[in-house]
Structure formats: structure tokens, C-alpha cells
Amino acid sequence: MNNLVKSPSESITVMNELVLPNDTNTLNNLMGGRLLHWMDIVAAITGQKHSGKIVVTASVDSVSFGKCIKLGDVVTLEAKVTRAFNTSMEIHIVVWAENIPSGEKFKSNEAYYTFVSLDRNGTPVKAPELKPETEDEQKKFEGALRRRQLRLILAGKMKPDEATELKALFLPD
Amino acid sequence: MNNLVKSPSESITVMNELVLPNDTNTLNNLMGGRLLHWMDIVAAITGQKHSGKIVVTASVDSVSFGKCIKLGDVVTLEAKVTRAFNTSMEIHIVVWAENIPSGEKFKSNEAYYTFVSLDRNGTPVKAPELKPETEDEQKKFEGALRRRQLRLILAGKMKPDEATELKALFLPD
Amino acid sequence: MNNLVKSPSESITVMNELVLPNDTNTLNNLMGGRLLHWMDIVAAITGQKHSGKIVVTASVDSVSFGKCIKLGDVVTLEAKVTRAFNTSMEIHIVVWAENIPSGEKFKSNEAYYTFVSLDRNGTPVKAPELKPETEDEQKKFEGALRRRQLRLILAGKMKPDEATELKALFLPD
Amino acid sequence: MNNLVKSPSESITVMNELVLPNDTNTLNNLMGGRLLHWMDIVAAITGQKHSGKIVVTASVDSVSFGKCIKLGDVVTLEAKVTRAFNTSMEIHIVVWAENIPSGEKFKSNEAYYTFVSLDRNGTPVKAPELKPETEDEQKKFEGALRRRQLRLILAGKMKPDEATELKALFLPD
Amino acid sequence: MNNLVKSPSESITVMNELVLPNDTNTLNNLMGGRLLHWMDIVAAITGQKHSGKIVVTASVDSVSFGKCIKLGDVVTLEAKVTRAFNTSMEIHIVVWAENIPSGEKFKSNEAYYTFVSLDRNGTPVKAPELKPETEDEQKKFEGALRRRQLRLILAGKMKPDEATELKALFLPD
Amino acid sequence: MNNLVKSPSESITVMNELVLPNDTNTLNNLMGGRLLHWMDIVAAITGQKHSGKIVVTASVDSVSFGKCIKLGDVVTLEAKVTRAFNTSMEIHIVVWAENIPSGEKFKSNEAYYTFVSLDRNGTPVKAPELKPETEDEQKKFEGALRRRQLRLILAGKMKPDEATELKALFLPD
């Protein structure tokens, strides 16, 4: 049932949410934690579709929040697998917000979450490899190595001077 | 009412949560997004206590999840301000999980969230400065500069070769 | 900002939901009312995107539920405007369910909801007309008249013998 | 424990709900999907009381929403079995809304939901027959045949020209 | 609009709730706090119907929980005003639980909550007086004085030796 | 794993909650039932930590609510075991509310909840004894006998003239 290789388009997942009162603070702004929760759900569904297994969140890369999303706005989240590493998958999530009466729509933020696929006993199992198809998918597939090194360093599992891929990040463009 | 300088102990916040069925996946593991949501709430309360203002989440640093937290576990979250930068505050959150019948208790993970304090019109306002007191608080206060540079680089707002503080991270210990 | 004519593809909305414990009965089946609620939300978002206004549910056509959706399944809902009638819009929703570990995926059900677009004072306002593009959209656009007559009869607002369009339904194919 | 014949009064169920912020849109109107959800719950309880079994929703007949119900209103729902058909039961729900400070109270809408009773393995089991007692119960009991034919036609399981009972609906009163 | 005198039957309120997974602990027992929350809601609706005003909870008398209510049970709550004291009303709530497949039904517990009626500015306003009609209503009406003295003593607002009514409680029957 | 004697500080539990829209009535006041629910959760966690077992609520002593807590306020709850009686534990909860922009902070109320500790089959099991350490803990430990007699009388399980401890309550200070 699990193909050995899958493309990102086979598991892409879109989710739309209405910002309800309990999702907001007293200034009627969407709380960041609520958005992180939605991002986790849409990415978990993507990871489940890609792996055909239950998945658990292994890590979240840094996320920055820009313009406030308001009560009543429609939030659209889109999640795509960017690369699989044995039992784990890196998933990219983009978030847009749309205010209906004003017609304003803007990209709110984006993030990378990593998930591990598990069998019914909770043991990690191999996920299908990812075959990028578009140019953007190829670029994110390559960048995944660099982001993985940064995660390992930040988690104290790799020494910075071993992170050969990451050094590109610290050189001016 | 807002003192110009406050210590971390004036706004430290503890939250305990029971892991309920809706917080878990079908393997009875706490979903990562739910935990990110709780971390945001406890940190937002800390930021509100420190600044005496409503706060919004500006960013979340990378978070990694280790051992699974299970249905029925008690999750304890503790949040402390580590440094204030004009209108923003960096807040450190530590998460423990405890399984009552087995007596097992472990540190699940930790993270840094950044918040901006706002007045009633939603305009950023200056937060009180932080005066670290313990050795650990002093260490986190100093590390805050380095983490801030990493955030700016990851958000594309600073060039890596300008990040003088961050370079320490890439030198072997 | 409101164009006078819009195509269905301009407001199509997709929503994915994980079936959580509180959504199910003690046999672990998704409760019908929860699904009706999700269908209303995805259709309301579609209606808001089409009209650029806040919308309220005016009616739901009969819905039948087939095979049970289970705890942990991924539910995918897709909503499209089928026709606009002055201030109201008919919206078609299709629901699929997918069980990840087994790989089973099936169409659960479909329905038509009707919404009215409102201005900020709650007064009904004209919605853009719908211009169907595909063959299926054209067929649903035409059937909308018949369904509308059935709704009016069932609500006691039209006499059955005046329902010229509806009579087609009662003739053998 | 399951009597073969039961009256509607043995399983009539009343539910009162307060309209809370998360149940409303940005105009403070109760969302239709939330009401459909409550209607399903009260009707499911009625079906469980009548059958003494777990029940699942099989279908919902068309529902129209009239006057908006507002934030803070008290919603009263009353559900009664109208007829049993082997393993399924038709249940009628009436909804009232009451605004406390103004004292205004109105009937919001009504609907018919159909449920199937299941044993612990999820297999449909026979429900007790219904014995109507009042004149209104008798009228609804008789109309149930006609509504059932309409459901079968709309679900594509009966040809309109076979629906002998339903033809009465298409003749002027 | 507010009559000066009302009978208990004019505001009696019934609520039925299904015990869902999030309402239970890991032994599948309904958590006491959830039941206290439901009791507050049904009693608040009763208080609103009696007073025609928004109400807030002023106190809860001691409540004891007996036999455990289980996941999937139907909980029925019935609330009735027992006496009005100027701006406050004492409300009696009785709770039953029913397990559908087993057919077991039992009275779970009962309690007295007290509410204060408020105008739109949050200022306490006089509630209509209560006119008991049945023998049981008359008995509860009389006992209300004694319970009120106990509340005042327990809240430190009355000295025990002034509680003339309460002394009856401490004499053997 | 269960020590025979524990001090209150070994299981003290603090919980912080933000008052969200769904927790309030239309005057933006926190509903009493919601607070009773939070008090039950924090006390249940304390009882679980003290006994190392799952616990169920056995009773709640009378609670009075004073000043209204408002939307957006931070509610802090602290729970401590005051005495263990064989399989049951009395737990004291104190509640504070803090309004951030105004800086106002006040003690809202306090209460005693009683819990029973259960093994995995739901059978009551002995809880560790409590050893009070501070003067306040000693005073509450002694008062627990008196409160227990009042509970037994109110539940109809003890005759008032047998309540030797309770009589102290009815003598002027």
C-alpha cells in the first residue's frame, strides 16, 4: 500500500478555518498558539496521507507572525511534504488570511514542521521517499538538508562545525 | 503602574493541564499542536504580567518534541521572561509531563516565544526592562541577543555575516 | 469590489478535519450533527468568498448519511456555489472520508445548503450572479431552479401545482 | 427491556442551550450548523431512549431557518419519535428561541431526522414500534410514510412514479 | 414585563446532555466539575426565565456525588426556582443519569445554586417573588430561609448564634 | 511508590487560565459554573499527585462568588491537600483574578472539594496521610474534621446532635 516514492501533490492538504471569538484575545486578534495548533493539524493530515500511517510531531522550526489576523477572518492553510528522511518527513505550511467584508487578503506566515510516522504499536516506520516535481518543490527539497542540520544543532545533537550544509546560510548571498 | 525594571520572578507563570481525549491522536499521544497552543497561552499570561498590557505572539523559536505525552497525563508548563527588547519580550517555557498511576515524570521540551505588548488601540508600547537575578536567568538574558539574531536571519531581516553574536553558536565549545 | 458575475472556481473552498473523540458516539462513529456543522462552515466560507459579505444559513436540503465515518478518519469537504438568486446562494458540498492506516477512502455524502448575504446591519444584499463553466456546473446551475421549488413547497411557501420545474422530478427518467 | 410498542411520550426529550460567542458569526447570529448539531444531539437522545440502543443519524430532511437567533438567547429544542420503520426511527424536532431581557420568544424552525438503532457491534437492530396517542402524533405518524418516500426519491432509491403516498403532496390542499 | 409574582412552573428548565469523551477521566467517569458546570447553566437559564434578566451565580451549596456517571450516559438536569430574596433567587437542581444499552437509570445528585439578577449595566435588580404551588415547592420555599442562614454563616456574614432558623437543623428530627 | 505520609507542598498545584469569550455571559462576566469546573480540575490534579492514583470528585462544599471576573482576566487557582481520610482527601482551592491593563488583582473565592482515590478497576484505595507543616496547614487540618461532619449532616448521613466537632461552629468566637 505504501509506494516507495510519492510526489508532493499526492498528499497536499488545504484547510480553511473561520476565526471564532474563543480563538482571539481581547483586541480581537487571532492568538498565535491557536494558529500553531491549526498548522500542526493540517501538516499532520499531510504527513498521514504521504506515509499512510499515524504521525506525531517531532519538531517545529521557528515561526514568525506578521500582521494580525482578526475575528471573523477566513484562514487558509496549505501543507506539502518537502522531503522524507527515513521515518521522518519535513512539511511546509503556508498560511493566508482573508477579511471578507473588506476584501483584504494577505499571506500571514509560513513554517516547517517535522513528523515521524508510526505503526499501530507506536514504533517509527519508514515513510515513502519524496520526489519533487516543480522547481519550487526541488528548491525546498534541497534546502531540507540545511534546515535539518540547523534543527540538530539547536537540539544539541550536532556540533555547529560539522554542519557543512548549514554554512551556506551564513555566507552573504 | 508599569515599573521600568522588573525581575523574572514577578511574572513567572505556572499552568497545569490534564491531557483529555480531544487533545490526542488515535495512539493516545498528545498532539504537538495542542502543546504549542498551551505554551503560547502560559507565555502570553507571563508577557501580560510583565508588561501590564495585552500581548500578541511575534515569533516562536524552533521546538523539538521528545518522548510522547499520553492521554491522562498531567502537563506542567512554566514560563519566565528572559529579556525585554523595547516593545517585545522573549519568554522561556519549560514543559514537564507526569503519568500519575506509574509515577513517571519527565521533562518534555522547552521553547522561546517572543511577544509584543500593545495598548488598547493595538499599537506596540514599551515593555519594562528585565533584571535577571539568578545565574540561570543571567545566562538566558545574555543568550537572548544571540537567539534574536538567529530569528532576524531566519525571518530574512538580517544578513548572516552581520550576526556578530550568533557566530559564537558556530564555534565548537 | 463585488463583481456582478463570478465563476464557481473563484470561491471553491476545501476543508479537512480529523475526527476527534468528542465528535463520535460510543461506537466511535462520527455523529451526523457534527458533520452537518462542518458542512455549514465550509459552505458559509464559500458563500462569504462569493458574495464578499457575511452570510447566514437560510436552509439545508435533505441529507442522507451512508457508511459510518470513524474516529481518526480524515474528512475532506469541498463546497462550490451552484447558483445565486438575488440575495441568496445555493451551495453544493461533497464529503469524503479517508481512513489512513487502511488506505480506504469513500465518498460519504453530499448536500445543498442555501445562504443569504447580509450587510453590516444584517440587511440582505444582492450577491453576484454565478456563471457556470464546466458541464457539471452547468447541470447543477439548471437543477437549482427545481431544488428551489421543492424548498418553497416544503416550507409551505409555494403550492405544489405551481412548481412547473419540479414536475420533471416526478416523471420517470 | 425493549417493549415492542412505545408511545412518543416515553422518549420525548427537551434540551436548553445558551447561545455562546463561539456559536455565532460576526453579526452575533447563531450559525445554522451549530443549530443542526444541537438538533442532532437532542434527536439522538430521543432515539436512544425509544430504542434502548445506540443510534446513528441516517438522514436529515430539509430544514429552513427563519428569524435569526442571537448571542445570549436561550434555545429550547424538543424531540419526539413520530414513527418507527423496522430498524429506523423518524424523529421530529421543534426549536424555539427566547431573548431574555426583551422577553421575545419565537418558534425558530422544525425538522425531521431519521436514526438507525445499532447493537454493540454496530449492526442495525429492530426498534420498538411507535403507538401515537394525541391527534398531532397520529397526523405525524401518517405523514411519515409520505416523507419516507420523498427521502427515498431524493436519495435515488425510489422512482418518483412509484411514490404513491407522496403524490398527495403535489395536489393542492 | 416582569410580573411581581411567578410560580416555579413558569421557569422550570430541563437540559439533557450526552457524556462525551472530553467530559470524562481515564476511567471513563464523568468529571465532577463538568457536572457542576452543566448544573450552573441549567440553573442560570431558570433564573433568567424567572427574572427576565441576565443572572450571575452568587453561591453554590454543598453538593455530594454518588454513583459514577459513565461515558455515553444521558444526563438529565431539571432546575426550579425555590424562593426569591429581593435581587437573588435560590434554584434547586436535580440530576439523573441513564445508561441506554443497560437501561439503568438513577438519581445522581441534587444541589441549590443562588443567582443574582442584573440589569444591562450589571447592577442588581429585584427579581419577581416566588409563589410555591405544590406541597414539595412549599417545603423547599420554607427551607430556603434555613439554607440562606447556613450560607451566610459559612461565608462569615452571620454569627451562628444569630441563625434562629438554622438551629432546627441541629435538633434531632 | 505511595509514601504513607506526605506534606501538602508535595502536591500543591497552580493553574492559570485566561477568561475567553465562551466562558462569559452577555455582560462579559465569567460564568460561575466554568470556575467550578476549573476548580475541580486543579483540585483533581492535586489529589492525583498526593495519592498517585486516579481520583473522582466526591463532594464540593458551599462556594460563594464575590466580585465578577471579567473577559480577558487571568484567573489563578491554587490547590492544596488539607487532610486525608482513608480513601478520601479534602482539598482547599483559592482563586485570584487579575485584570491586566488596569493592574487590579483580587481574591475571588475559595472552596473545599473532596476526592476519592481509585485503582485501575475503579475501587477506592487508601490515600497517603497528610502531614501539615505550616501553621495555616495545621489549622486547616484540624478544621477538616468539623467540615467533614457538616458534609455528613448535609448529605443526611449523620445526625446533627452526634456532630461533636461541628458544635464549635455554632458558638460565638
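Per-chain residue numbering starts at 1, and chain names A, B, C, D, E and F are given in the order in which the chains are listed.
What we mean here is this: a contact is a pair of C-beta atoms (placed from the backbone, for glycine too) under 8 Å apart; a residue touches a chain by one contact, two chains touch by 3 or more.
Everything quoted here is computed from the prediction, not taken from an experiment.
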Scan E-F, D-F or D-E for the interface that duplicates B-E, counting it as a duplicate when over half of the contact pairs agree by residue number.
D-F
To lay chain B over its twin chain C by CA atoms, how big a turn is needed, in degrees to the nearest 5?
120
Going by the average position of its CA atoms, which chain sits the greatest distance from chain D?
B
On a CA-centroid basis, which chain has its centre farthest from chain F's?
C
Rounded Å distance between chain A and chain F, as computed from the means of their C-alpha atoms
42
Could you please state the distance in Å, as a whole number, between where the Cα atoms of chain A are centred and where those of chain C are centred?
30
Mind pulling the chain B residues that touch 2 or more other chains?
21-22, 25-26, 41, 44, 54, 72, 120
Between which chains is there touch?
A-B, A-C, A-D, A-F, B-C, B-E, B-F, C-D, C-E, D-E, D-F, E-F
Which residues of chain A touch chain C once you look at their complex with the stated criterion?
1, 13-18, 41-42, 44-45, 48-49, 52-54, 72, 74, 98, 100-101, 103, 120
Give every residue of chain A touching chain D within the complex, in rising order.
20-22, 71-72
Using the touch definition up top, name the residues of chain A that touch chain F in the complex.
21-22, 24-26
Of all residues in chain A, those that touch chain B in their complex
25-27, 29, 31-34, 36-41, 44, 54, 56-65, 68, 113, 118, 120, 122, 150-151, 153-155, 159-161, 163, 167, 169-173
